[in-house]
Amino acid sequence: METDTCLQTAAELLAPWAQETIEPEPGRVDVVVAPGDLVAAAHALMDARWGYLTAITGLDPGEEDGRLEALYHFACGAAIVTLRVRVPRAQPAVPSLIGVIPSVSFYERELMEMFGIVVEGTPNTDRLFLPEDWPDGVYPLRKDFRMEQLGG
Amino acid sequence: MASEKFVIPIGPQHPALKEPGHFEFNVDGEIVTDASVRLGYVHRGIEKGAETRNFVQAEYLVERICGICSHVHATAFCLGVERLAGVEAPPRAQAIRQIVAELERIHSHLLWVGVAAHEAGFDTLFMYTWRDRETVMNLLEGITGNRVNYSANVLGGVKCDIGSEQAEAIQIGLNFLEERTRHYLDVVSSDAMFLRRTRGIGVMTREDAERMGVVGPTARASGVPRDVRIDAPYLLYAEHPVELVIEEAGDLEARFKVRVRELFESYRVIRELLTALPEGELTTRIPRRIKPAETISRVEAPRGELFYFIKSNGTDSAERVKVRTPTLPNMASVLVLSVGHQLADVPMILAGIDPCFSCNDRMAVVKRNGDEQVWTWEQLRQYGIEYYR
Amino acid sequence: MSTLTALIALLFFPGGLIILLAGLAYEWADRKLVARFQNRIGPRWFQPLADIVKLLAKEEVVPQGVHPGLFVTLPVIALSGALTAALYVPLFGLAPSYSFSGDLIVTVYLLSLLTLCTGLAGANTLNRFSLIGATRTLTQLFSYEAPFLLALLGPALAAGSWRISVIADYSADRWLLLAQPVGFVVALIGLMGKLELPPFDAPEAETEIVAGALTEYSGRGLALFRLGKGVELVVGLTLVAAFYLGGVANPLAFFAKTLALLVVLAGLQSLLARLRIDQTVGLWWRYGTILALVQFLILIVWEGLVA
Amino acid sequence: MKVMTMWRDALDGLIKSPATQRYPFVRQVAPDRLRGQLHWNPESCTGCGLCAKDCPAEAIEVIVLDKKARRFVFRYHVDRCTFCAQCVASCRQGCLEMASDAWELAAADKDDFLVHYGAEEDVEAVLAGAPAAGTPVAE
C-alpha cells in the first residue's frame, strides 16, 4: 500500500516532464523524460525528499535503434522510480546531476566510460575503471563493441 | 618545499588494502588535505560477460563478483531472473537462501571486525574474530559444500537442503558465536585504547550520509534507517523480519557497533527460520528462454544495498545485467571523510565502509570461446604483455 | 683486562656473537608469546635465525636518490651502538665487561643510537613511507627518551651512583619495584616505545606506511637493523630487571627475571591497540614524564631528609 | 571505559592448544557435502550434454562416439572447474556427483588436470584423435 502511494507521489511530482509513463512490474514506475528535463525532474524528486538515487544503468538497445538509454533509478522503500533518458547514438549527451545529488560522480563516470554517453558538467572525467591506455571512443558495454577495437 | 604537495600514494599494492585500489592522499604533516581514488585494478568484465553467457552460467559468474558476499549476488540474480521468468522458488528454498545469506552476513561482519581491528593495530582482536569466523565458515561448508562461493543457489531454488543434522550444527555454532559476539561488542564499545582509535573518528552526520547516498551499515551507523531487508522485503524477510540496527554517532565506533549488533539479529532470524522451516520442494522448473522484459532486484548485502537490473530479450541469455554494488556509493564518502584526519586514521576510515574492490570493479572486457569475440590464449597473452609494457 | 679477554668479551662472550644469538632467541620468545596470547602456534624456534640468514644472503638494493655511503653505514652504526651498550650491562648474570663511573648515561644514549640511525635511514631515502616513518620514529624518540632516562635515574639516585654495576649491586638485595613502582612502569613502557613494539609501533605501522623508516631496506641492512633490535631488547630487559627486580646476580635469576618481563611485554603488546603518533606523544609528555618527574622529586627530597 | 578487555582471551590462548590447523601434518575430515572432484557414472547417461552446456567454466566436454550404442567419453578439465555443482543439478539422470574426499587436486603437470571418464577403449580412441568420429556436444 505504502509503495503505491510512494509511486503515485512520484508520478505526480514528475508529471510536468513525463513524456511517457510505464509500469513495468509491481512497485516500479518508469518515466521517460527528455535529456533537457532530467535535472529538473531529479530536482523535483530530491526537493520532495523522495528516496535516493540508487544506480544509473546504461542501456544499448542495439545499433539499429539509433539511440542509447540512461536509466536513473530512484528508490524509496520498496518503490522504484526510473527516469529513462533516451539520447541519440550519434551524439549521446545527458546533463550532470552533480548539482542535485553530490554523490552522483562515480555513477556518471561509469556511464561515460562504459557507454560513451557524455555527461555534461560532471566535475571529474578522469578514467575511474578502465585502464589509462584504453583507446578513446571505445565503449565496452555497447553492443557493437568488438575486441579488435582495442588494437594491439 | 612547504608549498609543495606531499602525496602519499596508497595502493594499488599496499598492506592496508587487502585488494587493489589506488588512493592518493595529500598530506600536510600528518593531516590529510585532499584525497582521490582510481579503481578498476580488478576489472573482469562481468557485466559484459553476463550478456554472453546463458542465465545458468551467468549466475555463477555474478557469484564471483565478490568472494565475501558471493551468495547475495547469486541470490539477487536468481530472484531477478525468476521474476522475469514468472516463477517463484519454493518457500523452503527461500528459507534456505535466507539462512545462507544471514550466515554469510555473520562471516562477512566478523571478517570486517578483524580487518578493521588490524588496521587499528589491534591484532589480538583480529586473530580472535577470525578464529571464531571459522565456525561459521565450517557451517557454510557443511550446508553447501564450499567455504566460499557456496553456490547454494540454482535458478528456481537451491541445491542443498538443511536437514536436522545441519540444523543442529547451526544451533551449536550460533550459541558459541552469540557468546563470543557479546564479548566483541563489549570490546569494541568499552576498550579504552581501542576507542581512542574509533571514537569521534571519521564522523559522518546523518545529513552527510544522506547527501552522499551511502548504504548499508555505513548509513545505519549515521542514523539513516536504510535496509533493504526491511524497506523492500525479499525472500522470507516479510514473514521473518530483522529489526533495524541503527546508531546515531556516525563515527567508526558506531560502525563497529552497528555491524556487531547486526550479528545478533542474524542469529535470531536464523534460529527463527530453523524452527519454522517450510516443508516442500527445493527447486521449481524455470524456462531456459525468457521473454523480453526488464526487472530490478535489490537485496541487502553485508555491505549494503545491492542493486541488479536485468533485461532479458527472449533468448537464454541476458540482454543487459547491471550491478551496482554497495561499495561504489560508500567509496565516495571515504574521500570526503578522510580530509582533515590524521594519516593514521585513513586506513581505519577506509576499512570503516568495508570496501570491496572486486565488487566495484566488475565491468569491461572478457574473453569467450565459441563467439564472435574470440580471444585466443595467444591474443590474451599478447594483450597482457602489451598492457603491462 | 688483557687484550685477548677483551677481544673475546667484545666479539664472542658475553658481547658479540652470543648477545646476537640471545637477541634472536628473545625475539623468538616474544613472537611465540604474542602468538600464544592470540591462540596461534607462532614461529618455530629457528625462525628469527632463518630470517636473518635469508636476509644476509639476499642482495642489498641501494635505491636511487639516497646517499649510498650513509645507506650502508647506518645499519652498521646502529648495530655497533647496541653491541657496545651490551658491554656495560650485567648480561647473563655476569659482571659487566666494562664499567666506569657514569656508564649508565652512556649506555642509554648508545641504545638511542639505533633509533636515531633508523630515523636517519628513513630520512635518507626518497620513499614517502620512509620519510613519514622517519618523522614518526624521531618524534617518538623525543617523547619517551626523557621519561625512560628519568625512570632509570631513580635507582641510580637511590644507589648514589651512576655506574651500572654499583646500582645493580645496590638493588640486588632489594626490590626497587616496590619502592619505585612508577619508575618501573615508566621504564618498562619506555622500553616498549624504544623497541617500537605495539602499541607504540606507529613508526612502522604497516597498514599506513608499510614498514616505516626501513621500507627501502632489504638484505644486509635490514638484517643488521633487526639484529640491533634484538640486542636492544636483551639489553633493555637486563637493565630493567637489574634495577627494579632485585638484580640479576646469577644466570638463573637473569633468565627468570628477563623472561618474566618479556611475558609482561608480550601481554601488553597483544592487549593494546596501536596509538597514533600524536597520542603517543601526548601520553608520554602528559603522563609518563610528569609521573616520572614527580617520583624523581620525591626521591630527591626523601634522600635529602634521610641523609 | 575499560582497558585490556581481551585479557581473558589472551590467558585462555596461553592455556588452550592453538587454533592453528597443522594442515599438511594433520588433515581434517571434510564434510560429506564438500564438493571435490567430479565423477561421472556412465550407466544412465544419455549424452544430452546439458552438463556441458550449463557449465559456467566450460570444464566439461561430452564426446559422443556413438549415440545409439551409448558410447560417450566424458572429458573433465579439473583446472577449469569451479566446483559449483551446477552440472550435478542439471543432470536429469543423476550421473554426476562431486566427491567429498578428493579435494587436494593440485598437480605439477598440466596434463594431470585433464580427466577422461568412459570405457577404456573409448578413451583410448579419443586420445588417439578419434573425436572426429563423433562431434563433441559441447560448444
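Chains: A, B, C and D, in written order; residue numbering restarts at 1 for each.
Heads up, the rule we're going with is that a residue touches a chain if its C-beta (ideal position, glycine included) is under 8 Å from a C-beta of that chain, and two chains touch if they have at least 3 such contacts.
Keep in mind that this is a model prediction, so the values were computed, not measured.
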{"item": "Centroid comparison with chain C (C-alpha atoms), farthest chain", "value": "A"}
{"item": "Innermost chain by mean C-alpha position", "value": "B"}
{"item": "Centroid spacing, where centroids are CA-atom means, of chain B and chain D in whole angstrom", "value": "27"}
{"item": "Inter-chain centre distance, chain A versus chain B - centres from mean C-alpha coordinates, in Å", "value": "24"}
{"item": "CA centroid of chain A to CA centroid of chain C, Å", "value": "61"}
{"item": "Inter-chain centre distance, chain B versus chain C - centres from mean C-alpha coordinates, in Å", "value": "44"}
{"item": "Shared-contact residues (touching 2 or more other chains) in chain C", "value": "37-40, 270-272"}
{"item": "Junction residues of chain B - those touching two or more other chains", "value": "124-125, 128, 131, 191, 193-194"}
{"item": "Full enumeration of touching chain pairs", "value": "A-B, B-C, B-D, C-D"}
{"item": "Chain C residues within the chain D interface of the complex", "value": "35-42, 267, 270-272"}
{"item": "Partner chain A, residues of chain B touching it in the complex", "value": "38-40, 43, 45, 47-48, 83, 210-214, 231-233, 293-296, 298, 305, 307, 309, 311, 320, 322, 324, 328-329, 331-333, 361, 363-365, 367, 372-375, 379, 382-383, 386-387"}
{"item": "Interfacial residue positions of chain D with respect to chain C in the complex", "value": "3-4, 6-7, 9-10, 12-14, 16, 18-20, 22"}
{"item": "Interfacial residue positions of chain B with respect to chain C in the complex", "value": "6-9, 14-16, 27, 30, 117-125, 127-128, 131, 191, 193-194, 196-197, 342-347"}
{"item": "Touch list for chain A against partner chain B, complex", "value": "24-25, 27-28, 52-55, 57-60, 71, 73, 75, 77-78, 80, 82, 101-107, 110, 114, 126-131, 133, 140-141, 145-147, 150, 152"}
